[in-house]
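Supplied in structure tokens, the structure appears directly below.
For reference, chains read A, B, C, D, E, F and G in written order, and residue numbers begin at 1 within each chain.
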Amino acid sequence: MERPQQPMKILQKMVGKRVVVRLKNNRVVRGVLVNYDDCMNLILDEGEEMDQRGENVVVKYGRLIIKGTQVLYITSEEAVG
Amino acid sequence: MERPQQPMKILQKMVGKRVVVRLKNNRVVRGVLVNYDDCMNLILDEGEEMDQRGENVVVKYGRLIIKGTQVLYITSEEAVG
Amino acid sequence: MERPQQPMKILQKMVGKRVVVRLKNNRVVRGVLVNYDDCMNLILDEGEEMDQRGENVVVKYGRLIIKGTQVLYITSEEAVG
Amino acid sequence: MERPQQPMKILQKMVGKRVVVRLKNNRVVRGVLVNYDDCMNLILDEGEEMDQRGENVVVKYGRLIIKGTQVLYITSEEAVG
Amino acid sequence: MERPQQPMKILQKMVGKRVVVRLKNNRVVRGVLVNYDDCMNLILDEGEEMDQRGENVVVKYGRLIIKGTQVLYITSEEAVG
Amino acid sequence: MERPQQPMKILQKMVGKRVVVRLKNNRVVRGVLVNYDDCMNLILDEGEEMDQRGENVVVKYGRLIIKGTQVLYITSEEAVG
Amino acid sequence: MERPQQPMKILQKMVGKRVVVRLKNNRVVRGVLVNYDDCMNLILDEGEEMDQRGENVVVKYGRLIIKGTQVLYITSEEAVG
């Protein structure tokens, strides 16, 4: 049986994939995860800010550096059923 | 008599089970607890965001990485009476 | 004269008793204190979420792990006069 | 001339006296200070929660453990002029 | 030329003087600064809580212990022009 | 294949470029990134505060020192598609 | 070419100059920067609190000690174009 992985290691598997990030102030951003560090600071490419329901693009950014302290949760976009 | 367990060890027992997590901004997410770390960062599979009463699914996610600093409480779904 | 006890030691005396916990976002939960750690992370059994006045049960949970950083105060239910 | 005392030592002088504690979310609790620790975690006996103006008792508790991180200020009830 | 002083040392000069303290939740308290520590925990004597504009006394306290983490700014009352 | 870079190193590449910074309280500032440190404290030149949608200039500043703890995300203005 | 300076060193250059400081709760204070420390605690002389748009003086203070944890950004008043 595969041993479950630590949260920070799961992030490693998401590098290069599209992720959705909800921030503490309820904002939702998405993009391609380029990298992260131990504080969960994230770099996204093709960054976009979504409306609060995460359905419509509000602003298009390029590369985005997100402060780890502001992250609520991260999910892999492809994984959504 | 069984000695009561530390909070972080109780989390170990919840791995593989369905949990409900209420976040600081009152959001409720649920899913199968895959793993956690010492900061209570959590990985959930079959992650879903619920309405604030925790009754209806609002968004379906796949794998979800939740920031431990944002967790209010965690409960095992099966344990609800 | 009995020397007063440290706050964390008082928690030890509450283990096995019913406690009421008010959280930072004004939510009130109650249950039987199973254990705690140095961060005041708490485990409750027969956990219930109350309305903000702490009078009516809103949701029934089973085992509840509460994040210590989110605790406002804890009181022993039996001690209420 | 008496040298002024450190804030934490002043707390020592309040042990056994009635204190009023205002919390970060504007709640006011009062009771007899039983003990405290270096994080300003407080134990009160005959704990009561007051309305926000600190005039009327809203809920009566017994022993109360207050999280130091949530304290705004503490004052000795007897000292009020 | 006199070398400017560190913020914590300026506090030393305010001991024994009347100060006004604005707190994070916009509350204003004033009184005579008795002492402080490295966390900017403050002790005030003849403590009073003012309205948010800092003009009228709302509650009179005696000795007040203010949590440093809650302080927004401190000013010497005499210094106001 | 180029190895992805750490978030803090990506900031190095933005020095001298125009950046948009969203702050925790939803304010948006933009300007030329002059420098930063490990806490993500930022120095901007030709600093401007924008409306919350980041579309119109509300106030023009010169040099701006932004507290890293207040940063939500940073993006390079040129990168916006 | 002059190497860009660290944020804390830029503060050194502002000593003796008029600065505008926006605080986390959106308050704006201004005055002459007397000194600062590594936590960005600031001392201002001729301190004034402005309205939220930073246009009109609301209260005049003398010397002001501002808690670094509460600072959102600092700008040199002279630098505004």
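Throughout what follows, a contact is a pair of C-beta atoms (placed from the backbone, for glycine too) under 8 Å apart; a residue touches a chain by one contact, two chains touch by 3 or more.
Keep in mind the model is a prediction, meaning the values are calculated, not measured.
Number of steps on the shortest path from chain A to chain F, with steps defined by chain touch: 1. Centre-to-centre spacing of chain D and chain F amounts to 42 Å, using the average Cα coordinate of each chain.
Centre-to-centre separation between chain D and chain E, using Cα means, comes to 19 Å.
Distance from the chain C centre to the chain E centre is 34 Å, each centre being the mean of its Cα atoms.
Multi-chain contact residues, meaning those touching two or more other chains, occur in chain B at positions 24, 69.
Taking chain F first and chain G second, the full cyclic order of the chains is F, G, E, D, C, B, A.
Across the interface of their complex, chain G is touched by residues 15, 23-25, 27, 29, 34-37, 41-43, 47, 59-67, 69-70 of chain F. Taken in their complex, chain E has these residues touching chain G: 4-8, 10-11, 20, 24, 26, 40, 53-54, 68-69, 71-76, 78-81.
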